[in-house]
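Shared between the two complexes below is subunit A, which has subunit B as its partner in the first and subunit C in the second.
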Partner chain A sequence: MSAGLMTGTSAIPTAPASDARSWWQIKQRLTPWLFLSPYFILTCVFFIYPVFYALVLAFFQTNGVASRKFIGLNNFTTILADRDFWTAMKNTTVFAIFSTCLQLPISLGLAMLLNRRGSRLKGIFRLAIFSPHLVGQVFVGVMFTMFFTPKYGLFNQFLQMLLGWVQGPHAESFLEYRWLGNENLVMPAIIIATMWMYVGFNMIYFLAALQNVDQSLIEAARIDGANSWQQFLNVTLPAIKPVATFVVVMSTIGSYNLFELPYTLLQGFGPNNSGMTVVGYMYSNGFSGGDIGYGAAVGWILTLVILSINLVQLKLSGTGKE
Partner chain B sequence: MNWLLWSMLGLLAMFIGMMFVSQRYAWRFAGTVTLLSVSAIFLLPFFWLVCAAFKDKDALNEYTFLPPVSHWVSGYKPEVSTPASLERAQRGDLNFDNFTELFTTRQTSQGPVRFERYICNSLFLASTGTTLTLIFSSLGGYALAKYRFKGRGFIVAFMLASLTIPGVLLLPPNYLIIYQLGWMDSYKALLIPGAVSVFGIFLFRQAISGVPDDIIEAGRIDGCGEFKIYLTLVMPLVRPIIGAFCLVSFLGSWNSFLGPDIFLQSQDKLPLPNVLNQYIGEYAAQYGVFLAGTLIAIIPPAILFFALQREFVAGLTQGAVKG
Partner chain C sequence: MARYPYGPAALVILLIIVFVGPWIFYQESQARKEKADLIFAIFSKDHKDAYTPAIAEFEKENNVHVQLQLVGARALNQRLQAALQVDADVPDMVELLNGSMGTFTSGPLKDIKFMDLTEKIKSAGLLERLVPSRLTIWSSRGHIYALPHDVHPVMLSYRQDTVDKLGIDVSKLTTWAEFTRVGREITNGKNAKGADGGTNHYMIDLDAAGGDFSRVILLQAGGGFFDKDNHVVFDNDIARDVVTWYVRQTQNPGTGAPTRIATAAGWGQTLTQNILDERVLFIITPDWRTKALEMDVGQAEGKMRLMPLPEWTPGGIRTSTWGGTGMAFPKSCRNFDLAWKLAQKLYYKNTDLEKRFSRLNILPPVTDAWNLPEYDRARPYWGGQKLGRLYAGLAPNAPPEIFNAFTPQAVAKFGEALANTGTFYQTYGETRKLPDGTTETMDQYAATELKRCADYIRDRMARNVFLNDTATADAETPAVGGAAEGEAK
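After this line comes the complex of A and B, so read on.
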């Protein structure tokens, strides 16, 4: 359909009188701007302005909303010298790596299993695996606090049944594992809890992408003698690449924004801040501490980290934006 | 050895046996078994949640799922007769105490508040937020999909770039902006900044660009106004994406904790996640009550999900071409 039709310049059988027509044209031209105006207004007030405001704030020390004082780069030097910040950064990065390298392949695998033709229970499986996403992070956090309690916790029980026989008779039983009290087990606990919540969500995206893969291509590859692995690598994967890139980028951003789940899971930040995320660090120093400027500086560091990771990801995947 | 290991061994044996008969069926069998067990594992916490919500507070940590049947009803005979265990036996190990406690009117600094109030808060916030986002995002998406105008390419590029800025960066400055606007402790602080979603605009742009231009043109010739074309001709054709977007948006708003935690102060304005979190704060450890509340909090999203399930999957299938 031509652009001319869209802007109303083409001759329409019932052409109105000339000044009425030019009014109609103006209206046509204004309509998209009118439709986009809520976006423009809200973006200016709550996006563009805050982004620059955050940049300014990062150089100030603020005392809540009451007062502020210019302190130059002090916020940044304090943050970068703070051991808690590096703990938070390390935790969040570990989390992001695991959620990309462990959770996404599992999601893709499940999506591929679901995508096979003729599986009758498909709808039910899809429903079951997606359903955890209906539960909010706060609720998941507290539920998993209880799953990870020693002895009667669901997860410990399950682990004991599954792997109890591996351990020698003198080893500590899995039932006694205090996941949330042990520095080294806190991050695995967070990763497991988020897996329950997000595997199904990402699976839906992959499933949608897989359903759009041209089956005749796979058929052709099969006839040419490609085995399942080669079919996957050379046909399926390139076909779902745009969606896969999107999911990877979004999951990275989401991982670095993690806060609510670990915060409620641990009712704080865990032993030795072992479960503190960058947003958690911002929350405790910026909002609870009342120094919004400090929070803004943390926000900018986090943004730069995320942006550079995303750039590398987009470079690696070879897709430009969109 | 326990039943779990035995059944895994059995399934493995079946798989190996089938490999001799037909490799294709063996793999198909393995796939189905994997899906079945993953589904079971993913659903298990829900079953646990239902059990936990009805368990007595003393029984909560004593059994993984349900107490023995003989302990279910009130007035059973406990093994040891201590005052505490007798009292607990009087209540029964399964009861409605958690829900009763939850719905007990509590005194707050804003006067007495009933739990129904928080449910209404959450429902109001989530439904209003979803409606606003739906209208404004779909209007924006329609404008980008079906109008040619100067600056369109730039707007799209700007939106894409803005998607990569994490929301957390905006939190500190928005806190001050909201304060200066005088929106602190008001729902405006939560509803208005989130009233347009760039993600939503893209979703709708993608879906609406698939709507044939002829339909829109026909509407124009028939004398439809532009807004009427959007509302009565275009929107009904992208129903799946509306369903998908509503669900995602409702979930985000219904379950959000950080925003209300920062912007709301009055107890009687809080939504469910924030209120329930108070039951397990520093001064309380009423896990049973929290879990009863969780069970209630899951119901609205679950209803919405079942109602929109078909649209949700179809909508994402349509939207997935983006990326």
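After this line comes the complex of A and C, so read on.
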């Protein structure tokens, strides 16, 4: 192609050659876009459009798709003035704090135990600890409903066996504890159930991070006289910090999105809405109540809350700077 | 590489698209060809078992094909809601759980996607045959949108050998006051605690959180969440009395003698164990629950008995209602006449109802069916009691229940008032001293809580622009049985 052009013996061949070159250039430019187009189309249809449509809906009161009326900011003002919303927000925040503060250290501890050299049963334990995550929140909810049953449930039997002897004759037996019927025990019950489910999942992230820690650094610290705690604090922890930040952020997002497990566990929201989460509140108003606009407004408020918390977390951890 | 300029992966993806696309298209077209004359969606496996032989007969008689789809109750409700909203394909007929109709009828009448059956029910003579209170569940603003499947009157079930052993004379348990008096002796008297510190016997199965149990009592007492004009009424004196009574039976007071006689016996295996261990004596038992007990607590065969609920007020009704199923027809139903015919066979044809009762123990709402021999059959499981006759005797008194789109929230708010009153009772007992030196009784506190919660629902309803627009919107809708497109004739 280039030979013909270079010699310039005839002007006629140059036109097709130029066409071919421009076609080639167009093709070169189009090709990546064509490959990316399925992803872009799916993202636009199933993510970007719904997100913006939800933003529009948040300013309407709806009764199905056909009936809707513009009400401005009324959805947002009603939500923020609703005591139930703040109950749900409080419950979710309490859950997020406790589940993150309890789950992640346990996950890290288990990961460190499984990261030790020479442990032959490592694979079996890893699978055993991770496997609760595979069964799904609804299953865990149903199973823990049985575990928390008064008199016959595993937890009450265990508590009675362990602590029954310390109780006075007039105290309520541990066997009679109504975990799911007492508003003060509902949140601990949810935290226990989710912990069983997610500890193994987070452990896998930590385990992967620990396996990538440069052993020569730990060796050097040991030679320099650092004890195990100092090695962990000054070498291991900084090395796994990006993963730890990721796990904290994902756990927080997951905590604020909690819905199925407490809803199944409590067959609703528990006494006095003590198990109602923000997503539960959204479901109750948006789907059961039939006002999708209100649900969309709750969804946007929740998005802003999660975004703010995550920005603070990233700022505190200094990950953004790195 | 030259043959596949974008690499073999792209070729494989292309080939998958080329082959899978037509295959999906072919499958879809085949499915369309095989489409049934009627698609009927239900949520209960027991109903499926009962309907399958009847539908087979119906198919033979009418030379049609009916597809019965079993979908989980919650999934059915939500999928139907979503599909109706966007006018997607929906079944020709569908069974709904009580309460769910409120979601479908929350807007102006013209927007309701189910057929208005009011005139059809009248012209078919069903108004005379059906228990009137059962139509309220499926009605909205005077229009009926589903056929009632049942009445679900409520009784108390118990083990005869257990009450005999404990010296309880059930014939004297005619009022709740007497029932609770006996219950306190059983639950809190001498030898009430076992060696493990647990309570040996609870008089009755009531969940402290309220839920369906408190609703049963509320309805029996003559209360409810809404009146027939959809006004919120769960802050009246009846509701207050029910809340304080319920709290006393499910909690012990902060000060004073223990009053609790109830525990939540649970469901399935837990309930079975509670009955077998004689830990819970009386179980609130609507007709549908008798079948569950027969299945789950087979070991108690011959020992179980039924008795009417004790009276709430002197001369008051001795039953309540719990649950309900109805059959609705979306306006997009392809063959309403055929669907209606099938509905009549499944719900109101006496010969079929006899078989259905023997299989499900569910009393139909058709009063003339109650004279069939099956309803007088002695049941060995129930010590020879005539189950059908017992429930049929109470069914005419089953209280009406009003549902609308705000019912789930009203139920939750009632539960909130109940829970807060429970906390008051657990903390202070019957009375507390206020900082200004005055006292507040639990009754006063419960009334305040109920008012606060009822006002919340009133505010929610007032905020609903569609309900407030009803007058305008409904003016465009023809009167009952009018000529609106898609309405049943």
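General observations
To be clear about the criterion, the second predicted complex is superposed on the first by the 283 of 322 C-alpha atoms of A that agree within 3 Å, B and C clash if a C-alpha of one lies under 4 Å from a C-alpha of the other, contacts with A are read in each partner's own complex, and residues count from 1 in each chain.
Following the convention adopted for this analysis, a contact is a pair of C-beta atoms (placed from the backbone, for glycine too) under 8 Å apart; a residue touches a chain by one contact, two chains touch by 3 or more.
This is a predicted model, so every value here is computed, not measured.
Taken together in the superposed arrangement on subunit A, subunit B and subunit C clash.
In the superposed model, A:T149 lies in contact with both subunit B and subunit C.
By the touch criterion defined above, A:C101 lies against neither subunit B nor subunit C after alignment on the C-alpha atoms of chain A. By the touch criterion defined above, A:Y39 reaches subunit B but does not reach subunit C.
By the document's definition of touching, both partners, subunit B and subunit C, reach A:T31. When the shared chain is aligned, no partner comes close enough to touch A:I223: not subunit B, not subunit C.
In the superposition on chain A, contact of A:R126 is made with subunit B only, not with subunit C.
Taking subunit A as the reference, the larger set of touched residues comes from B, when subunit B and subunit C are compared.
In the superposed pair of complexes, A:F287 makes contact with subunit B and with subunit C alike.
Contacts of A:L113 after superposition: subunit B is touched, whereas subunit C is not reached. Comparing 19-27, 37-45 or 217-225 from subunit C against subunit B in the aligned model shows that the clashing stretch is 37-45.
Annotation: subunit A residues 31, 35, 65, 146, 149, 152, 164, 267, 287 touch subunit B in one complex and subunit C in the other.
The residues of subunit B lying in touch with subunit A in their complex are 1-2, 4-5, 28, 31-32, 34-36, 38-40, 42-46, 48-49, 52, 61-64, 136, 139-140, 142-144, 146-149, 152, 155, 157, 160-162, 164-177, 179, 192-193, 195-196, 198, 201, 212-214, 217, 220-221, 226, 230, 251, 254-258, 262, 273, 276-277, 280-282, 287, 290-291, 294, 297-298, 301-302, 305, 309, 312-313, 316-317, 319-323. Within the complex formed with subunit C, the residues of subunit A that make contact are 31, 35, 61, 63-67, 69, 71, 74, 78, 83, 146, 149-152, 160, 164, 167, 171, 173-176, 178, 181-183, 267-273, 284, 287-291. Contact residues of subunit A toward subunit B in the complex are 1, 3, 5-8, 12-14, 27-29, 31-33, 35-36, 38-39, 42-43, 45-47, 49-51, 53-54, 57, 65, 110, 113-114, 116, 119, 121, 124-129, 131-139, 142-143, 146-147, 149, 152-154, 157, 161-162, 164-165, 196, 199-200, 204-205, 207-209, 211-212, 242-243, 245-246, 249, 253, 256-257, 259-260, 264, 267, 278-279, 282-283, 286-287, 292-293, 295-296, 299-300, 302-303, 306-307, 310, 319, 321-322. On the side of subunit C, the complex with subunit A involves touching residues 6, 10, 78, 81, 84-86, 103, 106-108, 111, 193, 196-199, 207-211, 263-264, 266, 269-270, 273-274, 279, 405-406, 408-409, 412, 415-416, 419-420, 422-423, 456, 463-466.
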